[in-house]
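You will see chain A twice below: alongside chain B first, and alongside chain C after that.
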Partner chain A sequence: MAEPAYTVASDSENTNEEKSSSSPSLPEIAVGIDIGTSQCSIAVWNGSQVHILRNTRNQKLIKSFVTFKDEVPAGGVSNQLAHEQEMLTGAAIFNMKRLIGRVDTDPVVHASKNLPFLVQTLDIGVRPFIAALVNNAWRSTTPEEVLAIFLVELRLMAETQLKRPVRNVVLTVPVSFSRFQLTRIERACAMAGLHVLRLMPEPTAIALLYAQQQQMATHDNMGSGNERLAVIFNMGAGYCDVAVTATAGGVSQIKSLAGNPIGGEDILQNTIRHIAPPNVEASSLLRVATQDAIHRLSEQDNVQIEVDLGNGNKISKVLDRLEFEEVNQKAFAECERLVVQCLRDAKVEVGDIDDVIMVGGCSYIPKVRNILKNVCKKDEIFKGVNPLEAAVRGAALEGAVTSGIHDPFGSLDLLTIQATALAVGVRANGNNFIPVIPRNTMVPARKDLFFTTVQDNQKEALIIVYEGEGETVEENHLLGYFKIIGIPAAPKGVPEINVCMDIDASNALRVFAAVLMPGSSSPVVPVIEVRMPTVDDGHGWCAQALNVKYGSALDLITLQRKM
Partner chain B sequence: MNKATKLVVSISTLFRQTRSSTFRCNPIPTIAIINSQTHLRRRESLEPNGLRFAGRVFCSESGVKRSFFKCWNCGFSSEKVAFLFCDSCRSIQPVDDSVDYFQIFGLEKKYEIDDGILEGKYKDWQKKLHPDLVHNKSKKERDYAAEQSAKVTEACRTLTKRLSRAMYIMKLNGINVNEEDTITDPALLMEIMELREAIAEANDSNELNQIRSQVQEKLKQWSDSFVKAFESQRFDEAVKCIQRMTYYERACEEIVKKL
Partner chain C sequence: MSGTLVYSAGNSLRFSPGNSLPQPKTIRSFNRTARFPTGAPSFRASAQTLNAEPAVMESVRRRASSLYELLKVNETASLTEIKTAYRSLAKVYHPDASESDGRDFMEIHKAYATLSDPTTRAIYDSTLGARRRRVHAGAMGRTGRVYTTTRRWETDQCW
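Moving on, here comes the complex of A and B:
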């Protein structure tokens, strides 16, 4: 192969890239990329249908990792591994989707510490230190850099095959990603020279594919005819996501979303812990053998595991399905909880569900399939989509739609009406998280709430914006903060502080704050408008630092509403 | 409980007042999505500027006022009341404040509607108006898309719920319902107190569900009374019905929170 055509730009923090540089010339069809925790794929609308690109080894599913073995790091797109274990020598970084945008106090980061490469935490709320073993030295990197190297390879591969530059992309992301994590994905894309047109929660990409299939099937009776209600369950190596969608006439309306960072990686680690004899370091051999056993357990009732760990340590064990399910009981219970929550949020009756769609590697696990069948009271799982390709196909469709491509046969007559995956709100009433826009609100959305001061003659107030589902702020992701100044002197509880949040169709969040006094209808000081997120890495510090500096002096409480 | 002060006006509304009429291409694309209650109370002051009627030609025909709408892009003229989208050149039209939510959904201006048709009609509109679909069009039209689709979303939201629909139809008849008005009826006050207590003391989801179905029954009753009062133009009574509905609606929210 020729010398690298693209290099990764430096990871500097100021991203003032103009979001929609409108080029009036020929529309470039955006490619769809599904960056999975363990595997990636890339697809594009080829004029009549979605085409999934293959790498030089003829693979549609490309292992997500980057090796730092040689002078130039090489990702899974171009790099051929001689053996599965080669990925586990410490020279390769993988599972970057589980690490990106997380701080070193995050349990998901801690769960990554027994991976073969270095994940070091100081447990103070900064980004973890990640390094690959190169010539017996730890070479440091970041999840963004690793992802960018991988994306550059994907881009190069696509450009070679499509014989045109590739710039615009639609990426799928986990439902549970905070807006801060989304900025890290955008950052990695920018480093790889890619411009993000849309970041789609994974199940919504599948919903779009489903909407297209459904529309093609009923194309004769035009209009938005009969609506179909589908539950989409997507569980890969890193994340479990659920969506409820109502589809008609090629429009998929997302009724609710739910997600958590729980996936095949957790199941694998639970199972390794169960199999490994005490005091034996988890080795790469054991990891590969266990992974293989879990795969076979989807077909068989029990599997024989034989691993020679060296030094006289041999594992010889029969693992049966029931035992496997018990070991992972907590993980499966969490899957069930997510599905139940998603159905409740969507306010749908189980009897009204038309299809249950399952995708992602973990959708092959019989226990997971049974959970879905039980909760949704369905005997059959939808068979119309390929569980490992659905997400990238949906992303490619969205790429074509948002690029403004028209299809004479109406195959691209599609639209997704998104809902917010996580609530956004502020800190108030002590340490509580008060949602301003609740989760599963139809996007675009604009909502506001009134707050008031906690001290007499309080002249300033801190607006600290969080995103998430937890009741206290510590359980949520910090997005940013600012101070309102110039509140007129008044007894506590009198000034009215209006906090308004706006999410536009491209999912950008703006926060407005205004100070009003009873009886007047215009703000007493200029309204403050802030685009969020504004936080950087190390945001764990910020909230604590604010707390140390100001205590509760600049706090807010919700203005009581009569019932 | 705090003695609540009367809420004044939300920023979203202020924004509309201060900015939307002068900055048509303002950087906040969804400016028209407004918290529904404040929206209804405040909107009257915003409408008469007439700026939005671009391209609209009025002419009288045999004494009946009829209006034609001209597409800003291709000049195609349409007689459709809800001319949000030009079927001839497929371009999105600027928001026309004289088009009401019922007209958007092709409904008669009646409180009782077949809400089954809302979702389908909503999707049909979004397929034409959603900002996702106009990426390659001009900045002007992208702004129209953001505003129109936001208006359709707000229309759908308003008409779906009984309470907001009731308030909206009253508004169309020139009556602004202030849902924060103090209750003076001691019987109602008593009932609310008891209801709150019942919700607070309920221990399991069975009990809560039971209370909820009772509350929903009440909601239905007052909704029916609203129809009667509204249709016979007894607006004072209609306002009272809405107040009742507001409290039951809030009780429902409270129950759902606890469930």
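Moving on, here comes the complex of A and C:
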């Protein structure tokens, strides 16, 4: 077997590589990459504006898939598919963004089992087994590997066109990605020889683009102009993200974020289930026909679907828009919930919203547009951005800004003040998740809480760090765990265990823990500092294993401090 | 009792810097260790930010005697003025825009968060007035301390 055409750079996915830059004179401009569930794009600041690169077939939007048909896997950048169905023979892996960093108990992974390639789950909280069909054999791979192969192709394409090595990248990611998933994206980039400068939640990349447009329109660099409040809604094939941002003078402050792994893929599968007669396996033909029908429903009130499934099975059906909306009612309700939640979190009045920005493939669906118009009480959707290019343009802008590029016309005099998309906290008070840094906290952030022991003479305590929104730990993502040892013997409730969390501007999370005793003025044992996440694959097991091993012996509860 | 979920005093302290709430003494002495990195230096920040802060940054926090001064606005500033001031300071002190480690910006943001909300601003203003009077009545020699707004629960006190 030939070696895959990528190189694994290093295992230091968490370290800041302050490499001696090869050319100190000219800073390398980081490229922006929007890795979509179904389509990818790559763009770069060319000195005066954002330029979206095209592949050899002159496409700006490149289908995200990797085919394992031949000895050397080939991604959608270089690979020419004769027709759509070829992607659905089982030899191609796609939708990797829905699979990356997820364990096999995850409902999103289960929803991917209908896809033509193999997604096998054991439902025990380990990574799913993924394989492509090559010469009638399942060849195993991983989402990281698939993404890395694809990124290598994107990188080679960019290097050819820009005539320089490409190393630094800014990537957009879904709001709902956990920090563990982000490390998987970083790993894939490292495998592809790329260095991640930033992973931007998708709507915040659009917020940056919006800030730049607004600044250019008003020539306002001082931030003295009117603040504009925008709701940004981004829904692609895999994820739905919402942000509320306040913008003026090139500064975009993210007031709130909300996201969910719900997207066009779910809508497509719901619709396929609706159209397909019972006992008929969803074929690739049906998938393509349904996708096409959904696209046409954005323009028409009804569409005719004709699919010959072979063996005398034929589907001939008229699908009208109302029916389609009914079938996907749950998905649309979820979109609405996210927007409402995001507005509530941002504490803004609907009447104060200046613009509603909609991007991503699903933003073309009339129902989704109506939801946004209704919730935000706006008659018009913002027309200033291209729904399919906005994210990559924002990422390219961030790439230029983060690379320290200065623009004489002030086009890069931009700043995004980010907020945390998910709360980070620890397990305490039984099985509860106690957030230390709540959701939508301005980044950089540093906060702490005090906890205490639950047993008399408890000498050790487990600090189990989670990320998410659920009240109990099971609903959240495990990021890591460590043990504090050497707590002095004392009745329960006396030792003070301080847990501090710090998120820096590049979104790195560090957790500190210290043991204090009443009356003492310094930690009684050395402070522990841990860079999170520390978990690796199979982490679904870890929390349960800890529970089996220790029970509540090393538990913590929140400490009510005397004022 | 201890079983109740009560978050640390950070929030209430935030709005009343320097007032008579007893500082949890156990934490204060961490100040020295607090100088350690507030995060992996962002890509542009160099290792020198680990312990030393650029002198200019330090002075901004030191000199401010009220949240208004921190944001460089009058006490009568309108909301728009406060927002404008916050954004222009963000462009200077945000870690993405400077070599700063983010502590200054967190401070600026906190001031902004307090002053941009009418309710918290009113509470803050009343404490400001109270402290003024107290200082005026002769808080012998400790005036500078009383005015300090840089008591930071989540930063300094979090060792």
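Convention: the second predicted complex is superposed on the first by the 530 of 563 C-alpha atoms of A that agree within 3 Å, B and C clash if a C-alpha of one lies under 4 Å from a C-alpha of the other, contacts with A are read in each partner's own complex, and residues count from 1 in each chain.
Operating definition for what follows: a contact is a pair of C-beta atoms (placed from the backbone, for glycine too) under 8 Å apart; a residue touches a chain by one contact, two chains touch by 3 or more.
Keep in mind the model is a prediction, meaning the values are calculated, not measured.
> So if we stack both complexes on chain A, do chain B and chain C clash, or do they fit?
Aligned on chain A, chain C clashes with chain B.
> A:Lys163 in the overlay: touching chain B, chain C, both, or neither? Say first, second, both or neither.
neither
> Based on the superposed arrangement, let me know which partner A:Asn429 touches: chain B (first), chain C (second), both, or neither?
The second partner, chain C, only.
> First (chain B), second (chain C), both or neither: which does A:Arg57 touch?
A:Arg57: touches no partner chain.
> Quick one: is A:Arg510 in contact with chain B, with chain C, with both, or with neither? Answer first, second, both or neither.
both
> Contacts for A:Ala248 in the overlay, against chain B (first) and chain C (second): which applies, first, second, both or neither?
A:Ala248 sits against chain B and chain C alike.
> Taking the superposition as given, does A:Lys383 touch the first partner, chain B, the second, chain C, both, or neither?
neither
> Which positions of chain A sit in both the chain B and the chain C interface?
197, 223-224, 227, 248-251, 253, 401-402, 404, 413, 415-417, 442, 444-448, 450, 493, 496, 498, 500, 502-506, 510, 512, 514, 516, 518, 520-523, 527, 559-561, 563
> Okay, in this complex, where on chain B does chain A touch?
1-2, 4-12, 14-15, 28-30, 33-35, 119-121, 123-124, 126-127, 130-137, 139, 146, 149-150, 153, 157, 180, 182, 192, 196, 247, 250-251, 254
> Spell out the residues on chain A that touch chain C in their complex, using ranges where they run on.
Touching chain C: residues 16, 18, 197, 222-224, 227, 248-251, 253, 401-402, 404, 413, 415-417, 429, 434, 442, 444-450, 452, 493, 496, 498, 500, 502-506, 508, 510, 512, 514, 516, 518, 520-523, 527, 531, 557-561, 563 of chain A.
> For a test of understanding, state which residues of chain A touch chain B in their complex under the given definition.
My answer: residues 20, 22, 24, 27, 197, 223-225, 227, 246, 248-251, 253, 401-404, 413, 415-417, 442, 444-448, 450, 493-494, 496, 498, 500, 502-506, 510, 512-514, 516, 518-523, 527, 559-563.
> Once bound in the complex, which stretches of chain C touch chain A?
For chain C paired with chain A, touching residues are 1-10, 12, 21-22, 24-30, 33, 38-44, 46-47, 80, 83-84, 87-88, 90-91, 94-97, 101-102, 105-106, 109, 113, 153-155, 157-159.
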